[in-house]
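Below, chain A partners chain B and then partners chain C, in two separate complexes.
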Partner chain A sequence: MSPVATRALKGALIIPLTALLSWVLVAALPLRTEGEAKTETLRSLQAQLEADLGLGQPLGFLRPWEKLLAGERLGDGGRSYTGAELMRALLGSLRIGALALLLSLAGGLLYAWALSRTAGRWVAVGLRSLPPLIYALPTFVVALWVARSTGLAVDDTEAWQYEPIAAAVLALGPAAFVGAVLAGALEEEARRPYLLAARARGLSREQAWWRHALPNAARAVLDALPPLATSLLAGSFVVEKLFHLPYFGYLYLDAAQHRQLALVVVATTLFAALLVSVSLGTDLLRSWWDPRTAAAEDAR
Partner chain B sequence: MNRLRFWIGAAVVGLLLVASWLYEPLAAWEALPACPFGPDPTFPATDTVCGRTLVGLRRSVAVGLFAGAAAAGLALFLSLLGRWGGAWIDGLIARGADLAFALPDVLILILIAFVVGLLRDAHPGFRPDALLVIILSLTVVGWAAPTRMIQRRLSTLASQDFIVAARALGASEPRVLLRHLLPFAWDYVLAIFLLRVPATILAESTVSFLGFGLPPREASLGTYLGLNAVSLLRSEWAVMVPALVLLFLLVIAFQWLGEGLLGRVQERRT
Partner chain C sequence: MSTRPLIAVLSLLVLLPMVGALQGCRQARGARDAQGRCVPTPGQVRLSVPSLPNTLDWSRSREQSAGNYPVIQAMMRGLTRLEPGTHAPVPDLAERWEVTPDEAGRPVYRFHLREGLRWSDGVHPLRARDFVMGWKRALLGYEPAALLDLEGAAEVLAAREDLDAPAEVREARIVAALEGLGVREVSPRVLEVRLAGPRSHFLSRLATSYVFYPVPSFDLLDRSEQEIQRYFDEPDGQRPHVLGRFRVTSYDRVAQVLRMEANPHWEGAPAGVERLVLVQAELAQLLYGQCKLDFLFLDDLRALPSVPPEERHRAELLSVYWLGMNTRTLSLPLRKAIGAALEPKALTGALIPDVRVARTLLPPELPGGVAPGAPGTEGFPRFDPERARHWVAQAPDAERTLTLLVRGGGTFLPELSLADGVRRQLAAIGLRVEVVATSSFAADIRAPDGRIRHDLFLRRTGADYAHPQTFFTLFAPGGTHFTEWHLLEEGRAIRRFQTALEAIAEQETEQARTLAATRAQTMLLDTHAVAVPLFFPDRYFQRRSHVQGLSVDPFNFLTFRTLRLEGADP
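And then the complex of A and B:
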């Protein structure tokens, strides 16, 4: 079996494992009190444990997934969702995440290009100090600042208009990260003899940069994609909450705040699935982009 | 340059902490003018923006320092355990760290807050200290990256001649670890701890902002910003700007402190 397929299999195993572990974690909590539940919250928790999480039933951990596939509502009271509604929320988050990823890559590329063009000048010193300053700004501070000028989504129908703004806010930190990674990799590439040879054959500095240095340095960015996805996922909670976007991050926060047990279990599993998919996608992309990686892994 | 960054970072952190420690007693003796930013919007009768942000800063620093120290200590312990236990245990710890590193801090912190909240609802007698819970939660999420860094550092040190010589002279594995490896890793561990502090402060401020951190009465800078987010949307700058500036300064200062120390360690190594 190829190394990528082995890693895919290992990664795929994490998804049911997360589903099982998060279910066990919630099911093992001492939430069932003897006798009649005294408060509304406790009554709701007990109802959820039995109806949504299938506690005490054989293969109970499959219960929330069965309900979603059967089109039943998961959750309690006014905060319940069907599988289709969850998918819509997930797609909304994915749209923002994908746009933020593209913006991060474009921003990082622009930063690395600007740094290479200004190398040795005072502008480069200013550019180099940008990523640490951006890292020190929590996403919610930037989001608050932007929301001050743009306003917030008043209802669900307005949410799509705020997606590009949310994605741009979300992309700021990751763009600084990609920029720093790419700039570092390009500096290393610039010291390699093949670049000097390319220049000696008559290529301009710009041509050598785009045709030779960048494709080789891009491998470092591919390696950085999984942590980038993790960072985008963390940021999605903030921007979705701040701009009132009713997508998956917002739903997760709402479910955790209002003690929606089954929704938290399902959403945690879907987040794990998302991160595993990104990691697998990165592996495939890396093998395609640089066959040497696949060959080295085969040899190992 | 590294030395300068280290000292600037240390000076800024020191100044902020002194200001935060002195504010309450000086305000109590009425030795300070009235807070120029006005009363705190959440508790206008008892608190001012200055008091809430400076005390919040102290809580943010306390969370950062304790959780950072606990995470770095746990990472050091696991790395030493890995080296002592052999390749299999070392590999297992490394895989565990990789897995924990792959999940966003905020997601795990929300999950822990969710579980603690559930237990609090079900058992009215269960009232853990909020500060302790957030420090422990941040330790749970913060051990992975330092563990991988310390593992790599110990692995590099283990191949040095003086370690090989110590083994050849018959030193036992615990003695090699504690008497020969550890003294050379201390400065590195300290730098990692200092770098962990700003990351911890940022993670805490984000979960507190989202409503899963410290309660309003024991606000950190993140909780304060979360409680008053709407003030910025209404352009009430005076309520938000002091906390935003303090948070930014604090994170940058700790970053410089950690990076300065790490730079000096690396310079010394080369």
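And then the complex of A and C:
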């Protein structure tokens, strides 16, 4: 079996394990029944709620999935969602995450290019101090400041206008990270003899940078891609909350906060599946980009 | 290869979506006139609510229902409604009613439905059978306790609670018990309701408890229970049919937006409001400042001074904020000492503006409530440090550290600060209190063995209907009083209280009801010192001046009954 297929299989095993573990963990929490009610919850209602969640049943952890497949709502009323609604929310988060990833890569590349072109010492110092400055700014502070300036979505009719802004806020830190990693790798490459040889063959500095240095340096970014994509997806929770983009992150936090067992189980599992897919996709991309190094690492 | 085009493409990739989005956002920021004032959207009111409904099925409501009321009460009406100011029940869907005792002396109501009332399809008239079907469904729903006033309802609940019986037997018992329920259609416009006993709160309850609202039976009869739930919870603009001022056109749970439109067959004046948009937003204050909302609750009281006075409003609620005491862990002298050591005015002064201090459990404006100092209230808790020290000296348990449970968030009151105030005031008479914050009050107040684990707790209790019973239900057997007072005197104390409640329910006149209710309050606040009332909370909200009549009712629910639009925002 190829190394990528092995990794895909391992990833696929993680998904049902996540489903089971999340159900066990959430089921251990007390069931919310009384709330603000003035009278004690009836036994029959308690039993009905427990049965609905699969608590105390032999294959109870499958109950959320049964409901999902039957088209029933997961969760409690207003905080309840059908499978189609969950997917719509997930797609919203994916759009923000994907755009943020694209912006991170483009921003990082621009930063590395600008740094490599900078001749002035003080400009270079200024550019180099950018990433640490950006790391020091918490995303929610930036998001809040931007939301105050640009406004935020009041409902679904406006949400699409704020998605690129939310993605840009989200991409700020990762772009700085990509830029710093890429710039460091490019500096390493710049000292290697093959670049001198390329220049000796008549390539301009720019051509040597784009054709030889960048593809080699990009390996460092590819290595960082899986955790980067993961952090972007997780980070989308913050910007969704602050720009009032009620997508998956918003829904997930809300479900966890209100102990919506079925919803938490399904959402956690979907999120795990997404992360596994992203990780696998990145592996494939890396194998395609740099087959020799990937093969060597697999052999190790 | 030239690098410039590549760099240009990259830069465009980063910048173009930003520029487009910023332009879109500039347009999306609410419209303002030349003077920078918000311009209203014709016919539309958009408002922020703390929570959206957990169901639109008013017969099968879930218990976490605060978000349901505003929407359901905009959609539906009851047999009665409450007169503003007096809170007295007056006819609404019913034009009149008669009460006669049956052979056992139990009241039998005959409600005559108003003529000409039609569901929002404009075709089907309201029929008595709509109530019969709705109430029977409600008894099988999540808030069946509200219907226990009906004859036969206790039997239905008993059958439901018989979990040890085989499923088919239990099901058959429930069906049989429902047949005996005290509600029937005498004629299309006459509904007969038999009560389990005298219930002076019944007419009040019909006005505000939506489980008593009728359902469009003509549209539900051929549907399975699952289809009926979809009928309500997935509105399509026409369905569910309603009798109220608005109907729901869409409910997007992902986007957290609920849209309503004026019911074309509403009998009242449309008052210019064609569309209502309810959103649940974390940063509602920011959205309001951007002219995107016309209404929001002001639950952060520190923000009040920055709100223009013409947009700031206060609603007085029929609710009380009180300190509960665990009668199992605290001796009577210690409970009395705590009652005398607390000064609500000082506790709330810096936190809540114009607070209405509570000296009674029932708000004085509630039918059956009394003003402080009224006869019978002499022993109610009042600030008296000397007396508090006297009681502390007699308390055998004054040396130990007490725990005080309080909600850490999610309420419109500054509860943590209030708890800290209680701690400081009790420290003044030598009592040590440790404040414990919780995000799940109902779960955390009990130990795994079911006992109440904390000595003190803070809680707000609001009226569900305009009658003393709504506050006393909490302290009756089966109520969530969390004070363990049902264990006092081996249960005799709470049984006496139950008898006192029955006495209130039997009273015909307001005066007699008030006297009986004051006796019940005395048992809780003086004789057994179970609770210390602190203040009657108010709700603040902000609304554009062109949106008139949009308010919060005494039950703490947003109400659209008198909503109308006038002119532009000045």
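Here is the rule we go by: the second predicted complex is superposed on the first by the 269 of 300 C-alpha atoms of A that agree within 3 Å, B and C clash if a C-alpha of one lies under 4 Å from a C-alpha of the other, contacts with A are read in each partner's own complex, and residues count from 1 in each chain.
In this section, contacts are C-beta pairs under 8 Å (C-beta built on N, C-alpha and C of every residue); 3 or more make two chains touch, one makes a residue touch a chain.
Small disclaimer: the values here were computed from a predicted structure and weren't measured.
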{"item": "Partner chain in contact with A:147 - chain B first, chain C second, else both or neither", "value": "both"}
{"item": "Residue contacts with chain A in the superposition, chain B compared against chain C", "value": "C"}
{"item": "Which of chain B and chain C A:102 touches, first, second, both or neither", "value": "second"}
{"item": "First (chain B), second (chain C), both or neither touched by A:163", "value": "second"}
{"item": "Which superposed partner A:242 touches (first chain B, second chain C, both, neither)", "value": "both"}
{"item": "A:210 touches, of chain B and chain C: first, second, both or neither?", "value": "second"}
{"item": "Touched partner set for A:253, first chain B, second chain C, both or neither", "value": "first"}
{"item": "Chain B versus chain C as contact partner of A:118, first or second or both or neither", "value": "neither"}
{"item": "Partner chain(s) touched by A:42 [first = chain B, second = chain C, both, neither]", "value": "both"}
{"item": "Touched partner set for A:277, first chain B, second chain C, both or neither", "value": "neither"}
{"item": "Chain B and chain C footprints on chain A, overlapping residues", "value": "30, 33, 39, 41-42, 45, 147-148, 152, 241-242, 257, 259"}
{"item": "Complex contact set, residues of chain A against chain C", "value": "30, 32-45, 47, 73, 76-81, 85, 88-89, 92, 99, 102-103, 106-107, 109-110, 113, 147-148, 150-156, 158-165, 167-168, 206-207, 209-211, 241-242, 244, 246-247, 251, 257, 259"}
{"item": "Residues of chain A defined as touching chain B within the complex", "value": "14, 25-26, 29-31, 33, 39, 41-42, 45, 132-133, 135-141, 144-145, 147-148, 152, 226-227, 230-231, 233-234, 237-238, 241-242, 252-253, 256-257, 259, 261, 264, 268, 271-272, 275, 279"}
{"item": "Residue numbers on chain B that touch chain A, as the complex places them", "value": "99, 101-107, 110-111, 113-115, 117-119, 121-123, 198, 202, 205-206, 209-212, 222, 225-226, 229, 232-233, 235, 240, 244, 247-248, 251-252, 255, 259"}
{"item": "Footprint of chain A on chain C - complex, ascending", "value": "1-3, 6-7, 10-11, 13-14, 17-18, 20-22, 24-25, 28-29, 46, 51-55, 62-64, 66-67, 142, 144-145, 157, 160-161, 163, 233, 252-257, 277, 279, 281-283, 286-287, 290, 292-293, 439-440, 442-443, 461, 464, 470, 473-474, 478-480"}
